[in-house]
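Naming follows writing order (A, B and C), and every chain is counted from residue 1.
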Amino acid sequence: MRTGDLSVLQRPNDRLRRRRVANRGMELLAWLAAAVAVFFLGVVVWSVAQRGASQLSFDFLTKPQQASGGFGPLNVKQGLANAFAGSFVIVGLATAMALPFGILIAIYVNEFASRLVRSAVGLTLDVLNGVPAIVIGFFVFGLIVVAHGQSAYAGAFALAVIMLPLVARSTIEVLALVPDSLREAALAVGAPRWRTTLGIVLPQTIGGVLTGATLAVARVAGETAPLLFTSSLVATGTHWNPSQALQTVPVAIFELSDSADPADHARAWAAALVLILFILFASLGARWLATRSRRKIARAAG
Amino acid sequence: MSSLDVTTDAARRPFPGRRARLGDLVLQGSAGIAALGALVLVGLIAWKVVQGARLSISTFGLGFVTHVGWDPVHLKFGAGSFLFGTAVTSIAALILATPIALGIALFLSELAPRGLRGPITALVETLAAIPSVVIGLWGLIVLAPILRDHVDPALHSALGFIPLFGPPGSYGSNVFTAIVVLTIMILPIIASISRELFLSVPSELKEGALGLGTTRWEMVRGVAFPYARGGVAAAMILGFGRAIGEAIAVGLTIGSATAINANLFKPGSTLAAMIANNYQGASSGLELSSLIYLALILLVFSILVNLLAQWIVRRAARRQGLMAR
Amino acid sequence: MSQMKEEPVSASSTIEHAVRVEMKRQPLPPRERLEQVFDIQDLTAIYGSKPALKNVSMQAYKNLVTAVIGPSGCGKSTFIRCLNRMNDLVPSFRQTGTIRYHGQDIAAKDVDPVAVRRMIGMVFQRANPFPKSIHDNVAWGLKVLGMKDNLSERVERALTQAALWDEVKDRLKASALSLSGGQQQRLCIARAIAVEPDVVLMDEPASALDPIATQAIEQLLHELKTEYSFVIVTHNMQQAARVADMTAFFSISRGEEGERWGELIEYDATEKIFTAPSDKRTEDYVTGRFG
């Protein structure tokens, strides 16, 4: 295969042809795989949008569910306002619980911990991340619900446990990005450790922390399993009191999809549409925040 | 004012005293408590689940793990069929999802035209963000009837000689539907991790292979994929871990059966789905405790899988570190 | 020789010394009798909207070492990567002009780069062995390209030609990354010549190596040019003077609005380039007055 065989360039021999075909074939398979992903996403989103959009109305967003099992007229304008309210309260509470906890853990890991502690906490966070949501549901059930009954607090706590490793991990990553020179400069001025951390280092990370928090919110907004144990036996009507069990969007979808009534299915689709839109909105927001903070860091690094 | 004066001024100011040290202590203390709290939390979870399962553990012992059958009337419970269901659905989903995910990862890292890479990556990540309850809803109402009416019978007639593809039932909710749903759910996880891995293969390695006159696929097969192999294994295990813990989407689409069945087109159950579907209807303390026993088994399973993924990543990183000097 | 006249030893006199004495230089046969390997006409290479090279025309000949020298940024690497279609990997890259390899234009769109790279191999600036064993590094290309017959003999031959066999023959299964930098680069050379290319391109092959390893590589070029043709890029003029039969000098040209691109300034037998260059820019570079 030397000089004389440069005919290979003009008339590829069998082996080269076979190799080219194999290459082409794998390329096509890769394109196909990407198409599969796009297809499934499209189908799911299309199903939700098509079936849910017809149900979306002002009433849907503002009126609560009627009591189930009644023989109400078929076109009674029911809504899911109670679910929207409940989700808002529970996810908000969960964020309020998880965010400071997660940030403190990240501060400890990044600023104070020895290597051993750092890997121990890292391991813990990873294990926590891997606990299935339904087991967390059981955990909170045994911890709080058994003694005090269901409540939005219990539900929020369960969601907070799920959010914790996400918030902590992303905060750790952003804290690590803050250059040591910044910390040293602050300490050299004579500022104590805590002022350096809270006043100089942490503000640098706000973008990243918000991004992580938003992604965590997008993640738990759709969590159903833990809420089944902690906030599913709800009273009718729209309530905002966290000390009682509140209806949430994912649990509502779960219950409505189990029912035999096609009107309930329609409402489930509509709720799913709202949920997906919210999650999309939150994810895009997180991505925008991430790009913005990345640009800020790049600008600061000069 | 000369610089000397400024320095002496600063020297005359008293050093920040106890107040500052207190601040340090408070911050370090509270942060440390938070970190400790995370460790305590994991322990608490394990303890609470064990505590809830204690009644069932003391009644059935370890035999619970293998006993097949769930009888609330005679109070005989066992995890056997659910362990089987979890294993079958998760492994099948992994087998289906991995090649597709790797194809997507290759597409996004090597083959896609520049303009398509960003949007399709975003689409894959969006698929990951869809909540399990929505996929479960879609699986139950849209997918299941299609599978029941068209796909299941077709597969049965084509592959019926394999007991897996036995005669389809009249339900759309069966093991096969759950497997398809799980595949869709774990696909983006494996795909995005693998994509980042392929992107991280050093270009000099790729150029070294292509410079020999190999095709792109030959380069991927011989150099890029072996380089990324450890990470891909970890991604697969992460996907597997997600699959075994999925309660809602599987719960909505797998039907509910408590026997072991080879036929994919019959309803089945998994650990997670069983818990989700039956918790509210538990008729006795023993049944509830047995459900929590199922949760305990699931927890142990998940932690083991998670640790395995960690170990693989660490081993691959160590080998990589030895390799890439 | 300049030693007689007590002149201070300048850069050019060391090079003259190298050119005349070091490598027992054979006189080059007249250009017409040399067989052309490359015939490059009017090559222009552009990244995005910025030209890297403009209007390069030159030839390279069989069984010779052709060196490409010039200051940083003059497009030497871009040029050599055009010769085996390596620049295809850069999305914003475009080129015009022809590169005739034994008469066929390999820059044409319909020519398969895979086939081109089969005949025109490349050794890179930093050694990039695969994370495989020493044996597999050489054997992998052979297997993929279908040269599986007598595999172990082919591997041994390649490693011998690269002057690496004696050092690794007892540990062929060891990881390639356990070798020193110089050994890794020789392994990359073995890997490239194992698949029996016609031409071997080298992009600053010894720039990351210590002087002893560099000398080993230069010795290899001298021995292997009986079987292969080499085009090497080097920023080290003394190296070019030592190893190259023909030398091409590229430099940076500037435009009115401050754009910069590389151009071929002069191409001739190495002796002439270093002792009696025709172009003043070449003389300036070679005598160390700039660059």
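In the analysis below, a residue touches a chain if its C-beta (ideal position, glycine included) is under 8 Å from a C-beta of that chain, and two chains touch if they have at least 3 such contacts.
These numbers come from a predicted model, not from an experiment.
Per-pair counts of C-beta contacts peak for the chains A-B.
Farthest from subunit A, judged by the mean position of CA atoms in each chain, is C. The centroid of the Cα atoms in subunit A and the matching centroid in subunit B are 14 Å apart. Computed from the mean C-alpha positions, the centre of subunit B lies at a distance of 50 Å from the centre of subunit C. Contact of a single residue of subunit B with at least two other chains is seen at positions 215, 218.
The residues of subunit C that reach two or more other chains are 114-116, 118-119, 144-145, 195, listed in rising order. Within subunit A, the positions touching two or more other chains are listed as 19-20.
Chain contact summary for the complex, subunit C toward subunit B: residues 84, 86, 89, 91, 114-119, 121-122, 124, 126, 128-132, 140-141, 144-145, 175, 177, 188, 191-192, 195, 197. Residues of subunit B touching subunit A in their complex: 16, 20-21, 23-24, 26-28, 30-35, 37-39, 41-42, 44-45, 48-49, 51-52, 99-104, 106-108, 110-112, 120, 123-127, 129-138, 140-142, 184, 187-188, 191, 215-218, 220, 241, 244-248, 252, 272, 275-276, 279-280, 292, 295, 298-299, 302-303, 305-307, 310. The touching residues of subunit B, when paired with subunit C in their complex, are 114, 202-205, 207-215, 218, 222-223, 226-227, 320, 322-325. Subunit A meets subunit C in the complex at residues 1-3, 6, 8-10, 12, 15-16, 19-20.
Taken together, the subunit A residues at the contact with subunit B in this complex read 19-20, 22-23, 26-27, 29-34, 36-38, 40-41, 43-44, 47-48, 101, 104-105, 107-109, 111-113, 117, 120-121, 123-136, 138-139, 141-143, 161, 164, 168, 190, 192-195, 197-198, 218-219, 221-225, 228-229, 232, 250, 253-254, 257-258, 265, 268-269, 272, 275-276, 279-280, 283.
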